[in-house]
Amino acid sequence: MHQYIIKRILMMIPTLFGAAVLVFFLMRAIPGDVCELRLAGTGATFDPDALRICQQELGLNEPIFLQFFSWIGGFFVGDFGTSMWTNQPIVSEISLRFQVSMQIALMATLVSIVISIPMGIISAVKRNTWVDYCVRGFSIAGIAMPSFWLGILIILGLLVGSQALYGEPWMPPINYVPIWVDPAENLAMLIWPALATGYRYSAVATRMTRSAMLEVLREDYVRTARAKGLVESVIVNRHALKNALLPVVTVIGIEFAFLMGGLVVTEQVFNLNGLGKLFVESVSNHDYTMTQALVMLVALIFVLTNFVVDLFYAWLDPRIRYS
Amino acid sequence: MDEKRLIEVEDLRIHFPLEDRTVKAVDGVSWHIDRGETLAVVGESGSGKSVTAMGLMRLTDNAGGRIPSGRINFRKPDGKVIDIVKQTPEQMRSIRGNDISMIFQEPMTSLNPVFTVGFQIAEAIMLHQGKSEDEALKQALEMLKLVRIPEPEKQLQQYPHQLSGGMRQRVMIAMALSCRPSLLIADEPTTALDVTIQAQILDLIKMLQNEIGMSVMFITHDMGVVAEVADRVVVMLRGKKVEEGPAEQIFKSPQHPYTRALLDAVPRLGSMRGHKLPMKFANVDVKRAEGEEIKEGAGETEVELEIKDTVRRDAPPLLSVKGLTTRFDIRAGVFGRTTGRIHAVENISFDLQPGETLAMVGESGCGKSTTGRSIIRLVEPTRGSVVFEGKEVVGLSASEMRPLRRDMQMIFQDPFASLNPRMTAGAAIAEPMVVHGLARGKEAEDRVIELLRRVGLDEEHASRYPHEFSGGQRQRLCIARALGLNPKLIIADEAVSALDVSIQAQVINLMMELQEELGLAYLFISHDMAVVERIAHRVAVMYLGEIVEIGPRQAVFEDPQHPYTRKLMAAVPIADPTKRKTELRLMTDEIPSPLKPAGYEPPARHYREVSPGHFVQEITATAVAAE
Amino acid sequence: AETPKKGGVLKFVVPAEPPSFDGHRETTFALVHPIAPFYSLLVKQNPQNSMDPTDIICDLCTEMPKPTDGGKTYTFKLRKGVTFEDGAPLTAADVKATYDKIIFPPADISSARKAYFVMVESVETPDDETVVFKLKYPSSAFIPALAMPFNFIYDDAKLAQDMHWYEKNILGSGPFQKAERQAGAFIKGTANPNYYEKGKPYLDGFEAIFAKKESLRVQAIRGDRAAIEFRGFPPQSRDDLVKALGKDITVQESDWNCVLLITPNHRKKPFDDVRVRRALTLAVDRWGGSQYLSKIAIVKTVGGIVFPGHPLAANKEELQQLAGYWPDLAKSRAEAKRLLKEAGIPEGFKFVLNNRAVDQPYKIVGTWLIDQWKQIGLAVEQQVQPTGPFYDTLRKKQDFDVSIDFNCQSVVNPLLDVSKFISEDTSGSQYGGYTNREVDELFNAMNQTDDQAAQREKMRRMEKIVLDEEALGFITMWWYRIIPHRSYVKGWNVSPSHYLNQQLADVWLDQ
Amino acid sequence: MAISELPTSVETAAPRRRTAWQQFKRVARRQPLGVAGGAIVILMILMAIFADVIAPYDPTAMNYSAFTAPPGTEFWLGTDQMGRDVFSRIVHGARTAVFVGFVASIVGAGIGLVLGVGSAYFGGKIDLVFQRVMDIFMSFPLIIMALAMVAIFGTGVDKVIVAITIPFIPRCARVVRSTALSVREMPYVDAARSIGYSHTRIILRHMVPNVMAPFLIMITAFVGQAILLEASLSYLGLGVQEPTPAWGLMLQGGAELYAESAPWVAIFPGLAITLAVFGFNLFGDAVRDMLDPKLRSQ
């Protein structure tokens, strides 16, 4: 087992390296650079020297491979560099955003699990009845609604609704407060995006639960369980579910990894200061170092999540655990 | 209901309403089982055996089945007779696993992979006897001891995947019997197992039946097994019962033509005694036999057909295998080091003459398929030489190999899977010819039709897709495809194992006819001793990747030398209830694993020639120690 | 007027986060809004009379100087007793160090506004309280350049230590101090108890919250998560806020010193043909567009190359003489079609309008322009790029057909602002790729005199060449700044630039 | 072996020929949601094809006298902030959506199909490398990839399609590969190899047709995703550009600003997207249910 773990960890290296190469050259393929943007971006007249100096300062005119290796080299000594846009150390720039994204990802995943697993089971057990149709319709509607649209409707609904009810328009806070500082304020802000995203992502997990359950319920060992005389609920919740959970866990894991960097639109709609927003900003600012660091972070989260999912898989499935 | 009767099925119908039609899987069947009795239900695939069995436990409810009419009277242990058809789901649950329990065909998939064996046995005990988990586990341990599982304490903690097929089936039996049911339904419990394991399981069931005193409903399609276990037999055909009677009577004087055809198609081990050449099956035209309108006795020309001798012994060998060895590396660890090797094929040598059939027999995993695949280079042999028509095959490049492939063709076990489901039969047969440039366009079409006729199919079949054929027809298609290239050698890997006996007999007959006509040579791979006896000129017995005995069929079957060959033959059930083995051998041994540590080299083997062409591996002290 | 109340924290939303904290280096308003309150300037736009672009008053100086030496020497006296946040006294040396950094930066320091100070020869400090600017020639562009809100006065000791120090640190002498930043979220400041204007600031502090989405910023004001946004909202948001909150919302509006331009690519056929360029401008209905677009976008005022509120700007009569500003639209369009025909441009001619991926007002104006050009038989497609690639196209690739461009300045300083239209080699921000020496001469002549009448005359001539005769590039419409804010925000007056008047010393909350 | 795969000897009569209508009713009974989804999909495709006929107005024509006119008899779904007819824009937007959706998903899934099958067939080192490369693309946030693509190639329908297609490739390749791995183990592939067919022939004739089920499932799923992604990109201002009528674009700027005062500007395009994606997903699910033999039988 521990060999398996080591192997899995080693396998992450090429993926991360590949992601590094990809983002590095992808970013540099985008026309323009951070200095041009900083100076020309506001439409004001500016001094051409300033542009040259800025590029020099950031090392943008060095040979590209040198830039690449000095960046990669930094990783090995724990130096993640400074943001080209703000000049601040990347670690300090990211840490808060990471916290926000982590919390929202955890909350959304929780919401998604709470919604999807029971619904998926019901839908599979009551296959092709109106209950099934409702569940599927509800969950697919979740994927179908554009997240920004849903977000707009939620905020507007809250504003208009609260004004109609209490005479004062209310909206969620737009400033993040850590949960240990002020839990009420923190939740007031994050609950809405968590619900919206959780609902959205539950759709995928619901469908996966449903089809995994359908498949498992057809397995011979379920027939065996029936032949033992077990009650249907025990068959479903014990014999079938534990097997059906395997693919569901994968889906939820991938979802979680995705939430950590992919909530671009939702974060904007709710003004969440998370990784997704930072991502978009750093791409549009041509902040190479920041985008690179973010991609590496998200890729790392992705491979780590996959790794955890695999471990969890092994924990659930003795066939893997004992091989 | 008669006091002796445990269960009585009356005019039972089980239907599956689909949206456009209704499948009448069981269509008015009546029979009964007495206490302590074993009833065998036989019939071909799809005849409704499993559905009947599931119906007895009302498991068909969950599969969308309806019971429109009929009664299933069952005597509960307290003597009360109930009609199972009328029970509520709750009442049914208390009967399932308690009064009636069931074991299934697939030991591999019938156990839940994520729970320990112990828990799965204990679960039923807790449920029906209201015991605590500890007590239940204790009883589960007793059950494991009862089914003679080695090291039962350890097995209790194991997960199903850690057990072999035979062990799993024992666990299933332990589970089924844990509440001492009065009726055990065994739905093809041994079909997926090797003969030696099958023998063990059959014996185990018989023994437990005696110990517990239960009745058994035994479903099988294997007449040999029927003869071995059954007191009475019910023969089913298309959802109906066509015949019922005591086992001896059914075997001695079958009444219904279908039963007769069925029995005729069953290859019986030992029936070839005295015959030198292979023989075709008689009376295998099941189509005719099925027609109930056929008058008694009509069309039954008893022509035991010994085919003419096709072997060209004087010619140079078509195929000559020397020291063929194929091993699979098992990689493990961080850097994928080879930690072990599966010695799938180990130092095999034999010759095959044109027109000859060499059969390779042995139990699952002994390396039969790998031998065939190595010869045709679907896997790369580790070493050894394969000379085909005087040409060394090993080491040829893909393009050098291509012309040779025309002359050696392969037919696979699973006719369902060996045809591309997205290609019509015609296209599938024509493709090899087109690719090898033998025929094109109209010519190819004509050739396809000719080949279809050749294997007993029609021209109109050319435009059909594989799923529109029955299993036997599909296997014929595979043969036609192989024949298209005019091969000299056909490697048939379990080519008939998946087929019903009657179909199997037809296909075997076809193969023999083709051999007579075209002088084909066959490398016939099979695990079924009885089939092999019928078709082979020579036989090679494989064990753990090695040939332990090889020789003319008659010599090997009538005078087996190697202990393994003998054990194999002894395990084959004989389709004759009068020859039923009386003593129960409760063997629990399993085949040792072909997995060896990296770098392991097996000791050199020596062969002894017992009679002309009949070689047996010497059992040396070192060889035994090495196992 | 009401008496200001003390106390309270002003929360306002800012559309973007400042890159660094160094005003001398950055050019964005996103720096001004959260950072300006921490600093003092030498001179500034009068916050009480914010609508007059020429009303520039002292901040750190004691009196606006009259230039001497034929307009070539400006001598500023400084306030006494002003200290930086860390207690160090603010002296003339600090002012000199600041302006030296801006005007004569060392080779490795980038100063964004160096070009505004071409007229300055040297900065001198005869004593601790006096700063003298020596110019090469008299120029009325000097004082406006000096008043630019980015020219934060830094501590010379810190600069001597590290010229980059102010990029990552905030240390000023302004009304607020104790800057606190949460990356990507907000910047907070607390009132400076030692601020040199006694009694100010009125606020206890401020909190600048970054929020990229416009709708969210509007909603934040509605839900009272913020009181104001200083850049400007579209008209619809103003209406919605007023409708929802009534008296609780106060709206301030102003012409805006920003303008959207159309730049045809002179390097590319057929835009090298003056007839084609004139046709393009003649097709645009500016007077009508002003009415329609002002309902949906932050543009409104029709103007020439000079900010409409400035004395140097053309009046309506003068404007109507220019191509594209004629009162008779039909005639204008007929002429456009005629010109196209003459130039051999077929009906349905296709070209691409390069635009910036910003909604207000770029894309709306772009879409409107396409509709305008459709009226004279041109089929225009829009290509929209994020800011980076957009400027890359203008500056490096230079392969566009016609592009939107814009000019947005802080202090209204038309003499310098029109450098956007001078020849490619001298302008630095003219992307059309043309050279016109007559324009260059007019520009230089204007800048090197302080005679207003002469300036105005030269400006008219330049305008005529640029917009009409040669149709070098065009003005679409000037922006219009709409600031709807919570009524409890007092003491803040809208100005023609979202860069100006952001020290917040006079702002108070009526709560 | 699943019971359903066995030929049933019980039914002797040849299956009845059914009329198209009967067939439809049959499918409708089994897959009511799928039929609903199919109806939406067909409606959309029809809308896309006949946009010019259906739309009452030119979708790009501005009407300066009717900014944000409410829905009514003149403008069925009202007008937007530039006085353009919302209904006409939605109808024409269907064209953009369908075009982007289909091209991106077919091309993306198509490339993924070939790569996935090839990788599974050759196995070994090739497969290993391929998997790592796919990992890299998968670990790369999809929207960021699209963002960078648009930043590099610029905006416009064709660029958006490229931006959307690229992330689809690894996703499809993965799914196809796992199916192809099991197909590779099928005896008919062995048979093909033993007969001596070339790699290309085996991949294209024998493997590709047999991984059609996941492929089709992926395609239908992708169409919905592509529509959504296009809308998201347009919403971020990086997708299709004005004045091209596109749903996501209609929701950008205008929608949020007018969400309250002129809700029709925001509601209808949002509904159009939701409905379209909903339809494609329902349809995709139905396709999956019908193609997946494991789910087909009860």
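Chains here go by letter, A, B, C and D, matching the order in which they are written, and residues are numbered from 1 within each.
Simple rule for what comes next: a contact is a pair of C-beta atoms (placed from the backbone, for glycine too) under 8 Å apart; a residue touches a chain by one contact, two chains touch by 3 or more.
Chain-to-protein mapping (UniProt): A, D = Peptide ABC transporter permease; B = Glutathione import ATP-binding protein GsiA.
Please read all numbers here as calculations on a predicted model, not as lab measurements.
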Select, from A-C and A-B, the pair of chains that is joined by more C-beta pairs in contact.
A-C
Averaging only over C-alpha atoms, locate the centres of chain A and chain C and give their separation in whole Å.
39
Between chain A and chain B, what is the gap in Å from one C-alpha centre to the other?
51
Rounded to the nearest Å, the gap separating the Cα centres of chain C and chain D is 46
Averaging only over C-alpha atoms, locate the centres of chain A and chain D and give their separation in whole Å.
23
Using the touch definition from the top, which residues of chain D touch two or more other chains?
30, 151-152, 256, 259-260
Chain A, residues touching no fewer than two other chains
30-31, 152, 156, 284
Among all residues of chain B, which ones touch two or more of the remaining chains?
none
For this structure, enumerate the chain pairs that meet the touch criterion.
A-B, A-C, A-D, B-D, C-D
Per the touch rule above, chain D residues touching chain A in the complex are 2, 30, 32-33, 132-133, 135-144, 147-148, 151-152, 224, 228, 231-232, 235-236, 248, 251, 255-256, 259-260, 266, 270, 273-278, 281-282, 285, 288, 294-295
Which stretch or stretches of chain B touch chain A in the complex?
57, 59, 62, 92-98, 101-102, 104, 106, 109-115, 123-124, 127-128, 159, 161-162, 172, 175-176, 332-334
Of chain D, residues touching chain C in the complex:
60-62, 64, 67, 81-82, 150-152, 154-156, 237-238, 241-243, 252-253, 256-261
What part of chain A is in contact with chain C in the complex they form?
30-33, 36-51, 53-54, 56-57, 85-88, 92-93, 96-97, 152, 155-156, 159, 163, 168-171, 173-176, 268-271, 273, 277-278, 281, 284-286
Going by the contact rule set out above, which residues of chain C touch chain D in the complex?
213-215, 218, 234, 236-237, 239-240, 243-244, 288, 292, 295-296, 355, 357-360, 363-364, 366-368, 370-371, 381-386, 388-389
